[in-house]
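Structure record follows, encoded as structure tokens.
Should a chain be cited, it is by its letter among A, B, C and D, assigned in written order, with residues numbered from 1 in that chain.
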């Protein structure tokens, strides 16, 4: 490797090193980017259990495909420099006193800015446009609604230490300890908490919305597969935070109807005791004297 | 302002007798008075707070606990001698800037105004608490070898996680500003002292106290909230929470004062000829970090103060049922919290950009652009805090804006990479241990930064938020970035501080172990997060068991690798002690032109600066500074109007 | 540099204490068996009455010799019908989420309160619950009337004092470790009544080790 | 370990250096203090806007106007008196009386605030969002104000001593000016915050 000789004769060396690095980088991209998209891509979570999780999956694939060339560029550059510009032996030689080149700096700035703007636009479109908030909590007044939001199935998710319960305003305000959803129907979650902060995470459905006391956090999802999904708490909420798990199910409309009907019958007695349905239930910070 | 000072009387005082040293103010009295103060004031607090409902239960007397901590702080500072000077000033005695520098080895155990002594105290303190936090991490990985809470009881596991996170965040934010900043900034700008020597010492001893107050949380039942201390969980938690609030508030004060001190020093105390465009880039890193610290830490302090009031005197800042809002804490905390993570990044930038030119034997490629990048990061970091709250349901309609500003930060960060790459171009790279750590910084920070793009993109963040993906991301930026850079800087500057070089071979073994096992530890955790593992859980989906066992094992190897650093320190600094000479790295920076270790007064005469310290390879470049010039009053040009002070 | 040595010593001491603190766990209490039937007998007391936390509300378990133990980690055999008896000596404080007034997951979906089978109680009468979310088991415990004579305040309480007796049975699943807890905000002097004992294993939260 | 240097006696520092240190430090500290109270301003408007559970400010919660005015006037008067004292220092004539007046006024602020807590306020800290902000904010301001009291007292004591013993080691009217300037920066920032405090906590309904 003629590193010293190459570095010796100024501009010509610049061109030669630059060309080599460029070639290595292009080859690496040609090999790796397709692998990332078509081999790794399909396995990147989350899965296609709902329109929202499909959107998230696509976003992750796109971001990974975009990140790969950047990663490769830096790695190739550093790898090449470390290998070629290495100074062996004990004697200490100074390199050429190159000053910053404004053209390169401006090019770099423009390139990064372009990427950033593209990402921001892409993310905003994905968030507000195609996926109705991408399954994230949107607060009490959601900006991104599905077309037929009015007909969406309303489900209130109540976080408490340490269990999730679900309330169904469309079905006499019955409350259930399990979550069952009909497939291919818009669902409108109203996530709230009656003590501390939790975060409702339906992993396969790609839904995550914090449950904050005094706040009504709306999230939309449209399940597209009949399957079960994990429900977890994603915000530290105390002793059993890690155990606030349950399994939800996405079923056909008919099965959902029978299930909710049975629940109404089964919990008839306790439903009478529930407070009237409301978007928030304020916890009383009582300090009961024993 | 506890620092109203006037012209110093710098007449060197004679060394005190042993008796004077024994009865004088030092750490021993600090510890004793702190203990006394805690119990006296705790008793006082029980008397004061007795009538408040929430304080009625004998085992949940938060007001008394806070009183106790205040008393402990008071006693600690009295014992260390921090009140002597203010009191003498209140009696109208003349001002002085020198205290405790004549005490021989006792300097290290008391209030001392020599910035080099304070820096070494900082080194020891930060290493110590870094060790505590690190061993916590080892225990956490031990617990996570099982997919159900068995090894450690669930509640104690949360305390463990919280201790680890809070300890690391607190100590790493002081981890560079304190030791390297205090030691190097005056040397690099040609000054004899920091602007406020007593404040400098105060910040150190507050940091030490904060660390022990935090550890004391486990005496009070621990706290379950992690380092973010989210309300209302932190309001309902046990008294251990008070330790978190109090110690973090102490760190907030300390951080703010460190930053204030460094900014004032750089602005006013530069040597003649040290113009703004000749300041070493490390000092720029310290300066931007200090700006963040001065402006962000007060907000944290206010938030912690509100939480403390909620816990003690029943205010309702954060209780939704009584006119408060949990989002108030989220906003205030993250308004501090996001600049905080750049307080943990900018020093790394400064260190690696300072190390690269020395071992690439080339000038820094684009000095002004690098500085601009640092300021860009500092500025933007105040505009992104709600990206921590994308799915929390707060201001959801602002999410596109915060997504945009968050992604904007990758532009100035990219500039830092560009400068590093430009500096390596056609360089004559020598792979010393500091250089290896600097290069590893770019490797790790690149992965950390790119994973940050996923988190900044809301649709992707919906899955990754609050999962192990986030955890891996910020460990790549903070540990892979700041800690690698700091250890590199430690290898680089320790010869200047102690006069003895660390062993290169041992250092390389340490580096490769640390580098490999760091990546083996944290890269799989990206997958764990994407596969649905939330943060801060002691039990997880059994399908992730093998992954977690693998991570635990490599995490323990990572911990072992840090023992290599410890062994290196003991071997070279205590046993072998080969003098390194004034400039072992052949650096052109100002501090390396001084003898090592640096003499008490840094410069016999204040030097006159000729150029920026990166003139490698420039034929007939002048020496960086003239030391022999006839006496020039220090700071001459720096405090004229164009110096930018008034 | 002797400072480093001193620091190392303190470090070891601190870590030793942390490890010691983190390894404390309440003892495991096995269910008793009498002529074929597996029984788990518990009591709930408004205030434990002993150090370190005399004011804390707590569960206690009874061993085969009839002695009460201050623990909430209970060991049950797998795939067996377990008869649980809970003597509640605490007053009512009401549920935050009234849904927990529903009895779920027991044999026949009922529990007997002082011999009378019920499937749902009045949420204002709830004093505590015995809930195993992962097994779908939840039984609310009605509280002792505030004006009842001869109330108990220090554990362990004797059955001669005012109490409610709740009995129910359930079939244990396969081996595993399942968490259980109380859902009534009953922790005195903590905001939301959910700090302290509610978040400490050995008081109002614990494990069912099914072997 | 850094004590092994040739015992050189460095040339004395330029007094302008300390002056610059103090003024810059005072400005930075004032900006940090401003951010502390910015958090309270944010809390005020945020909780006011959220009005969670309708408990931002129940009807019976209203601060004692008299105390508010009195405290504000004392603070402004203290600042004014200190300004006169500082002018005196600048013109070389010590002005112990003005400094004493400023000190008295600033101590009066502390006393008034404590009396307000004990006797003036008729709502508790748990009286909703506004009550929380009121107590938290005023108490925090009191803490910062004690710093101002300390600064003024220090200046007074120093100038009295230097007036008493003409050459109290190295202390002259000259060398007091940096301290006076720094104290001015801090005192004025406190006064500004006090005005904001009064407008938000007492004036706005």
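Just so we're on the same page, a contact is a pair of C-beta atoms (placed from the backbone, for glycine too) under 8 Å apart; a residue touches a chain by one contact, two chains touch by 3 or more.
Predicted model only: the values in this text are computed from it and were never measured.
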Exercise for review: Report the chain whose mean Cα position is at the greatest distance from that of subunit A.
Suggested key: D
Check your understanding: By C-alpha centroid distance to the whole-protein centroid, which chain wins?
Key -> B
Study note, to complete from the structure: Contact tally winner between B-D and B-C is B-D
Review point. Using the average of all C-alpha atoms in each chain as its centre, how far is it in Å between subunit B and subunit D?
Key: 29
Practice item. State, to the nearest whole Å, the distance from the C-alpha centre of subunit B to the C-alpha centre of subunit C. Key: 43
Point to revise | Whole-Å gap between the CA centroids of subunit A and subunit B | key: 30
Exercise for review: Please compute the C-alpha centroid of subunit C, do the same for subunit D, then give the distance between them in whole Å.
Suggested key: 54
Review point. Out of subunit B, which residues touch more than one other chain, so two or more?
Key: 53-54, 56, 120, 154-155, 224, 232, 235-237, 316, 319-322, 325, 327, 498
**Study point:** Multi-partner residues of subunit D (each touching 2 or more other chains)
**Key:** 1, 52-53
Exercise for review: Quick one: which residues in subunit A touch 2 or more of the other chains?
Suggested key: 195-196, 214, 238-240, 243, 282-283, 285, 287, 289
Review point. Which word fits how the chains touch one another: line, ring, star, complete or other?
Key: other
Check your understanding: So which chains end up touching which?
Key -> A-B, A-C, A-D, B-C, B-D
Check your understanding: Contact residues on subunit B for subunit D in the complex?
Key -> 1-10, 12, 86, 89-95, 97, 104, 114, 116-117, 120, 192, 195-196, 256, 259-261, 263-264, 267-269, 294-299, 301-303, 305-306, 309-310, 313-317, 320-325, 327-328, 331-332, 335, 498-499, 597-601, 603-605, 631, 633-636, 638-639, 645-646
Revision key, fill the gap. Note: in the complex, subunit A contacts subunit C through residues 158, 160-163, 165, 175, 177, 194-196, 238-240, 243, 245-246, 267, 269-270, 273-275, 283, 285-290
**Study point:** Residue ranges of subunit B in contact with subunit C within the complex
**Key:** 53-60, 108, 120, 124, 127-128, 131-132, 135-136, 139, 148, 150, 152-157, 159-160, 163, 215, 218, 221-222, 224, 232, 235-238, 319, 498, 569-570, 573-574
Exercise for review: Sort out for me which residues of subunit A touch subunit B in the complex.
Suggested key: 6-7, 13-14, 17, 44-46, 52-53, 55-56, 59-60, 63, 67, 70-71, 74-75, 77-78, 81-82, 85-87, 92-101, 104-105, 108-109, 112-113, 116, 119-120, 122-124, 126-128, 131, 133-143, 191, 195-197, 199, 201, 203, 206-210, 212-218, 230, 232-243, 280, 282-285, 287, 289
Revision key, fill the gap. So, in the complex, the side of subunit C touching subunit A is made of residues 46-47, 55, 57, 90-91, 93, 96-99, 101-102, 104, 119-120, 122-123, 131, 133-134, 136, 138, 179, 181, 183, 185-186, 188-194, 198-201, 205
